[in-house]
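See structure below.
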């Protein structure tokens, strides 16, 4: 992984406050856990039926019955609990998730999220994404700032099928930390070595810049 | 208890076929269990969260956390299971109860049941009765044939608020066994010493009599 | 990662309850009724409460203390048959009572605890319990809309707990407790025993700790919990 | 009273499945997927099946054997991301696929298992998953009607069972199994171990035996259940 991505993930880890219940989506969000101290008080939730996710185990130490929603062989910690899929999403929909971190294909200036379908190219199904995006108390996105072709993922409006409307509060990218505000995207921090102007150029919507140079990560 | 009531209860016990899942309502239905052999294969359900009810225990041997829906201190048997109130009624409404036995204030000729409310006199709430009456695969009633004032409980139409419509298949009384048929009440058996005519006289609706003298119990 | 500790003092947890709150209380008869939390709510004195509970216990027991203390204005329940005092209050108009079919009350609470807005059911169609309810047609048949129930606070009784608030119930003391423990903004649980983190097996947890906000260990078990002598 | 014995041979239980049936299958990935019952259904050969399962496992694993054998005409699921073969069948029009939000699929199955006709939910409003769904207004807001799902048969994997069919699951192999075990006319469970009546503690039962029709003990655990090497 690039150094910029690594710093993005480390920065996103600081979004997790002590005592939170957190669901980390498949992909880059899952890696956030590597940046939490071993005694950090947090409860990680995986939608296939576990609170209190412990470290990922190598195959030779894996429990064949213990995976996370991405299929990784994880472990438990003291105080873990198992439950069925209905109970798992009861937690999500009833507001017991303080935070979820998700990946994205597109995020719009009003916080719409598209991350599950590219018509004609990619449609594996929505899984648990809609409920996480719509119902976690705070939804943040981890994504590269642009796609492989260099096209911005932060747009005035999403062009792909939505996962949920107006759900995203903050986006962590390999260039910046950007909040969704009532007036649209607002630059909060930049990656060290990236200027606010570079971030604005890579964003397909107006970007509100802070008056002073923003902090870096 | 009168001998007639005892024989009614003993007769009702024969309604339980091997392998059934059965809920016995509060009052006389609960006493049916005293007429089942100790090795009879049946699963008794109580709506406060237990399948596999064992014998009632005296206070000095009671478990303070183990009661049936009527508040009696019961016990478990090998294979008992505890569950919450939602799961308990999931069993009822999804058709896993083969049989329920209920008490009645009134039963109508089309099988309507009234057993929970006497306006202005008695309205403690419906409890689990509606769901048992509406959803058990077979609903039978145990009741005295007439009330304390001698008025018939089997009527052309119920006058009291209904528990459920058209739910009752059979009524066991201290005078007779009566089925609800498409043409109304039909006499199946009589208590030893009671004539079909006496049953008909104590019933406030037409009673279809068998061609031959009915069996007695 | 380690899991947060939610142990607290009962009076401090109960102090968050305000006049006019809706309070769910577990239990079916004595088993599962959080007798100690109820006593603390009586001592606290919050008034004009809406209580959601399967039953009203018996005269002089459990939730009846709240009724006698004049703290309850409304009761959402299924059956008051064992509490003649509660029936008297209802008949005198001193408390408003809403009766639900028992399993429908359970489903409405579970729906509230599951972020589901309502369930559609045919239970009670043709009876007076259907009166006034919104009806939705599905496949040509009428169904009653049974709206989800949520509460400001839920009072829960558990047999065992760990400091994170994972709970396990025993026997028929489970009843409405796991459902109500999902359905309130603030869930306060009393436990007969609190074991160390990890001592409650992950497969044996009945209510996951993420649903629980405050946990109190019962130092001793009062006579309120004993076998009822009849 | 004693509880009936529901142990049976797998092939006899599976033989009741007919062409055109709807079959729920537990599991989320490998954990909880009843691999042995699926192999028996492949051997049985019933066709034109509607399968309800969270996912389609991976190519060459679990439910993918039914897809490869041409037994499936319709799949009600949440995510096929790990089975490119299933996505290929879908894109070629060889199977019809209905995608549900994962928790809504769980609720629909649970509703079917609970005698509830539908749940009302706001999940997916404003997205293409809301298209074509019945809408009900409650308190001025639109809600989607999510109808209950039931099946002719449910195939369940449990860790432990007793002869009455009380089941206990382990770790994340629980997932959809307890929900599906409530929601079918005929519930067939495979268990890694069958213990004597009474050896499964009444408080530790995850699925009560009244929901289960047939129980088969797995004599040996095939490689299908092993840790997936990636």
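Every chain is named by a letter (A, B, C and D) in the order it is written, and numbering of its residues begins at 1.
The rule is short, and it goes like this: a contact is a pair of C-beta atoms (placed from the backbone, for glycine too) under 8 Å apart; a residue touches a chain by one contact, two chains touch by 3 or more.
Please read these numbers as outputs of a predicted model, since none were measured by experiment.
Taken together, chain A and chain D share the touching chains C. Chain centres were defined as the mean of their Cα atoms; on that basis the chain farthest from chain B turns out to be A.
Of the two chain pairs examined here, B-D and B-C, the one linked by more C-beta pairs in contact is B-C. Per-chain Cα centroids separate chain B from chain D by 35 Å. If you average the Cα atoms of chain A and of chain B, the two centres end up 57 Å apart.
Chain centres here are Cα means. That of chain C falls 32 Å from that of chain D.
Our note on geometry: chain B versus chain C, Cα centroid distance of 29 Å, whole angstroms. Residues of chain C in contact with two or more other chains: 107, 110, 114-116, 121-122, 169-171, 174, 202-203. Touching two or more other chains at once are residues 50, 82-83, 86, 89-90, 92-93, 135 of chain A. Taken pairwise by the contact criterion, the protein chains fit none of the simple patterns, being neither a path, a ring, a star nor fully connected. In this structure, the chains touch in the following pairs: A-C, A-D, B-C, B-D, C-D.
Every residue of chain C that touches chain D in the complex is listed here, in rising order: 107, 111, 114-122, 134, 136, 138, 143, 145, 147, 168-171, 174, 202-204.
Residues 18-19, 21, 33, 36, 38-45, 50-54, 76-83, 86-87, 89-96, 135 of chain A are the ones touching chain C in the complex.
Residue ranges of chain A in contact with chain D, taken from their complex: 46-50, 59, 62-69, 71, 73, 82-86, 88-90, 92-93, 117, 123-131, 134-135, 161-165. Chain D meets chain A in the complex at residues 28-32, 54, 77-82, 87, 97, 99-107, 109-110, 121-129, 159, 169-179, 225-229.
Put simply, chain C touches chain A in their complex at residues 1-4, 110, 112-116, 162-164, 166, 182-183, 196-198, 200, 202-203, 205, 208-211.
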